[in-house]
């Protein structure tokens, strides 16, 4: 009979096996949006897990399913991770039922984050629509933490209504490193802040393009207005970074769902510069 | 005073009982089938002859195979199509499988809880786990037989005018045969148990009607015969059977020679019990009951005897099929105008389908007469006598007895109100 | 198996099949130790079936294509990624003992490309465990009606692309225009001993027990000549051409005809996209995570939770199918992601022919 | 639909309701056979008149509704069910699309009643519509009959706290994976490419073209499908095929309107 022994291949890593994490804390940030503090059960992973702002995890609950979710805590925070989850589908609804002490499962981190290292010494503008603030908050906190490495920080955050402004209790800390402006689509009469679209905040702060990088995350409808305004202000496409949302299943460029023309959003993205996606009309939809 | 029992439970479909009380005693009861009209006979008009078996099977989810086969037989008569013996045997198997499915459902899931003091087969599971397990296995066996031959357990697919689109593989038939043999002893045990149940003392002689075939216990062929000696072809009989439309009811009621009659397992056994040989015959003759018998409550026991018959007859048919070449050939069908009537024995009694086609093969006229509709008059007469003999009973006890009586007919309201 | 003098039943030969009694016996021997898949008949179709579940041990000489390509052996339509119970994950270990017999040249080539795709960047564990542990054996092909491997550059392979190759050239006389007559009918006695060519150590090991002579391969093995005038597409140019064609009218025209049924991708040897799904029983703490084939032609493919669909129109989805094959795979792996087998066209209810699509793309981007 | 699952540790309360129908879909619960005992051990089927004597009222976690409301009291029942359940699942093509009885919309209802009931036309019978005309429907378990797989997926998903993943893609995907003969390629009028998967492709697997009992896929390309299907059958026969099970599917209405304009 033939010999069944074969040459041993190099051990393969099984990308589809998630690691267990525990929920330490849950808090409601806005209607239908919750914030989770987690830590890995495995002490080695807990100590050594590293990532870049803008990268995401494949988060799952056993028996429910898996979804990509950006990490919203900064890479500088060791030992724990934070996620910000909006109730939208099967998994996120189930995540909203979690209590401290419950388990969830994660694999990753995946994708390319914001190239903060290349932005050293520059001013940073963060433009966030709605829950788009989550991945940016990771970068903001990182920049705040490494204050000396960056110039001035400007955070522009738009939301449906004042209730939906996220991380409001952190604005004071952020303001020590720069400026935070918010705007809402609609508001009750007692609202003293801005009402309108997010480009109004760009008009308000009127940023100079020199030595500045822009980091954007939000709903696709926001992109064309913001990018148009940035172009008018003279920003170069290579200095504008955007985090794209797509249907991502595998996270490793194999399942094909997240492709935007030639880009696997899960591998080359989710953060891409506008220069990279120039000419791809379907990218910013 | 009037009380209405909105839902007679553990039957197929929705029926209500309205009970008139005088000084706490029942003096009359009215049964009503409470389902909307689906108007199948109307909807079939303008359809292709080859669609009728598919559509007609949707009259009933409990006995779709017999509607399907009966429609096919009627269409083949209308179009003068003859089929090969393998096709006939597979069709017979489908009807017998339907009996296994339906009789198991009725006898053990719907009727037996009455006598074992349970509110459902589900709750029977704790005190009578063996019986429930056997019943579930038999149900599954019947389902699998229809699945293997018909392509699906409810609403078969493969059977069509002229034959079958797909013939079951030999191995699957052999597997069914094996399972039938294995399931036979427990099925006989349950049938014997059903024969020994303490049923109400009730007797009302009526007319019993069923297909009768001198060569076998009939279900697929034969003439329509009555316990009073009447016999005719299904074709002729269909024209003498009267269906009475009643005010505010979507179910019609059957009359033969102006009177109600009984069709179903009890009628078949009353007319053909001498042809029941083998295990089924043994159970029948070993039981404490003699036949012909006029106690309607015995219909459930008769179903379990037929369940055993269906199993042994299926084994015999499978052996015949396995002994020859398992191929069917669909004959050339020439579409033309014509009409055809067919009758088979559905689990609940004789089922008639009659169609008239135009020269394009479209249905211009049709009539479907279901056993539950045929039985309605007789059931009402039974209820009257049952109540009349027990006028001193407490209302609750009497109503429970009436429910059992209704259940013993195994009424299928979906069929009745098609 | 109905064995005639030559070991090949008349009906096998008439339908372009080749069977050999020694081959059959050998495969049955192998099936004691391996999961052996061979092309066999099922309900009027040719499909890769496990030896032991079929007694029809015959090989198509490319008259009929299998419904699903050999990829199903290594990337099953449904597989368990892991099971879970009471908060613990139990990884599923894919079987690594599959032998697939009877791949045609284009399919061997597709297998190489699919494996390269699953290996590059982040390797796919489950596929590679199966594939690296598996053995593939090619078989000489005659051209299947509707195939066009010469156009996509998948018309030749080298011994490194297979473990074994069953060379049926001994059955002389058939060629690209052959109808099977030479091989069947009168010529059946000329179905000589096949030659085996080994392409790997595993193949050589296997061949040691084979009833056929093992020969040294020389040079590449080619699919039979295509019809005159058919030549390779400008594959290097196609990525740019496809990219430029985004939004062009040809895709809208295809969308008018396309039913979006997904047939083209399911039968493609180089389509591999998948989705995952969790399944639980009546006790919710026990279950499994499955991975299942998906299709980029389905409406929900790029839809995210909340309902936004990033590929809303059928024309866009069709463009993505072609861009994957002729743009992305060409750019990342250096080879077109279309083997030229013609299965997508064969199984397309709307008769969408990739050859016409590429001709149109070239035409449109030429400004014609 | 908000939060679907019962409070943790509680058993799912299930109701199975029957309106006018052939009862085939609710019978599929009893046809679960082996799974039935496991099911009743895991959940409480508290309302199921076909099988139980004692039937409880709501609240329910899931209510499966079989059939169409064809009588005024069935409409009341339907509203009551909606009020007392978290998840309302239309069980089968009758409750999802009106099923076979909905073909009455291609006839004059008065004529139909006259034909069937010979002069007794004042029946208390409503026109047949899917239940979604009257109440919000959370899930459609399509098919004639509904598929056991989808019934079990619905129950197990809700126990686990997820929405069931019912297939929305065409039959062809599953049919190809089963490596069946393609009946459409053989010229038979198979509705597979435009019909939702989920039944296990039962008909084409035994050589019978798909009859479309599970209704259309999302955004079916009917124009092209009709052109392709009429190569193997006549246009009137094809329309009759579409009229069988899901004639009230919104996706079909334009096709039927065009047909009505022709005849």
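Note that the chains take the letters A, B, C and D in the order they are written out, and that residue 1 is the start of every chain.
We adopt the following convention: a contact is a pair of C-beta atoms (placed from the backbone, for glycine too) under 8 Å apart; a residue touches a chain by one contact, two chains touch by 3 or more.
Since this is a predicted model, take the numbers as computed values, not measurements.
Colleague: Which contact partners do chain A and chain B have in common?
Modeller: Chains in contact with chain A as well as chain B: D.
Colleague: Which chain has its Cα centroid closest to the overall Cα centroid?
Modeller: Answer for the innermost chain: D.
Colleague: Between C-D and B-D, which chain pair is linked by the larger number of C-beta contacts?
Modeller: Higher contact count goes to B-D.
Colleague: Please tell me the distance, in whole Å, between the geometric centres of chain C and chain D computed from their C-alpha atoms.
Modeller: 37
Colleague: Could you put a whole-Å number on the gap between the CA centroids of chain B and chain D?
Modeller: 25
Colleague: For chain A versus chain D, what separation do you get between their C-alpha means, in angstrom?
Modeller: The answer is 42 Å.
Colleague: Report the inter-centroid distance (CA atoms only) between chain B and chain C in whole Å.
Modeller: 51
Colleague: So which stretches of chain D touch two or more other chains?
Modeller: Touching at least two other chains: 160-162, 207.
Colleague: Please set out, as single numbers or ranges, the residues of chain C touching at least two other chains.
Modeller: 277-278, 280, 284, 287
Colleague: So which stretches of chain B touch two or more other chains?
Modeller: none
Colleague: What pairs of chains are touching here?
Modeller: Contact pairs between chains: A-C, A-D, B-D, C-D.
Colleague: Inside the complex, what are the residues of chain A that reach chain C?
Modeller: Per the touch definition, chain A meets chain C at residues 1-4, 6-7, 9, 12-18, 20, 60, 62-67, 88-92, 103, 105, 220, 245-247, 249-250, 252-262, 267, 281-282, 285.
Colleague: Which part of chain D faces chain C closely enough to touch in the complex?
Modeller: So the residues of chain D in touch with chain C come to 38-39, 41-43, 155-157, 159-162, 165, 168-170, 172-173, 176-177, 179-182, 184-185, 192-194, 207, 217-221, 223-225, 228.
Colleague: What residues on chain D touch chain A, complex-wise?
Modeller: These residues of chain D touch chain A: 3-5, 160-163.
Colleague: So in the complex, which bits of chain B are touching chain D?
Modeller: The touching residues are 7, 9-14, 34-43, 45-48, 51, 54-55, 58-62, 64, 105, 109-110, 113, 119-122, 125, 132-133, 136-137, 139-140, 143, 151-155, 157-158, 160, 165-166, 245-248, 250, 252, 412, 414, 417.
Colleague: Sort out for me which residues of chain D touch chain B in the complex.
Modeller: Contacts found on chain D: 18-28, 30-31, 33-34, 36-37, 40, 45, 48-55, 68-71, 73-74, 99-101, 103-104, 107, 111-113, 115-120, 123-126, 128, 144-145, 202-203, 205-208, 211, 237, 240, 244.
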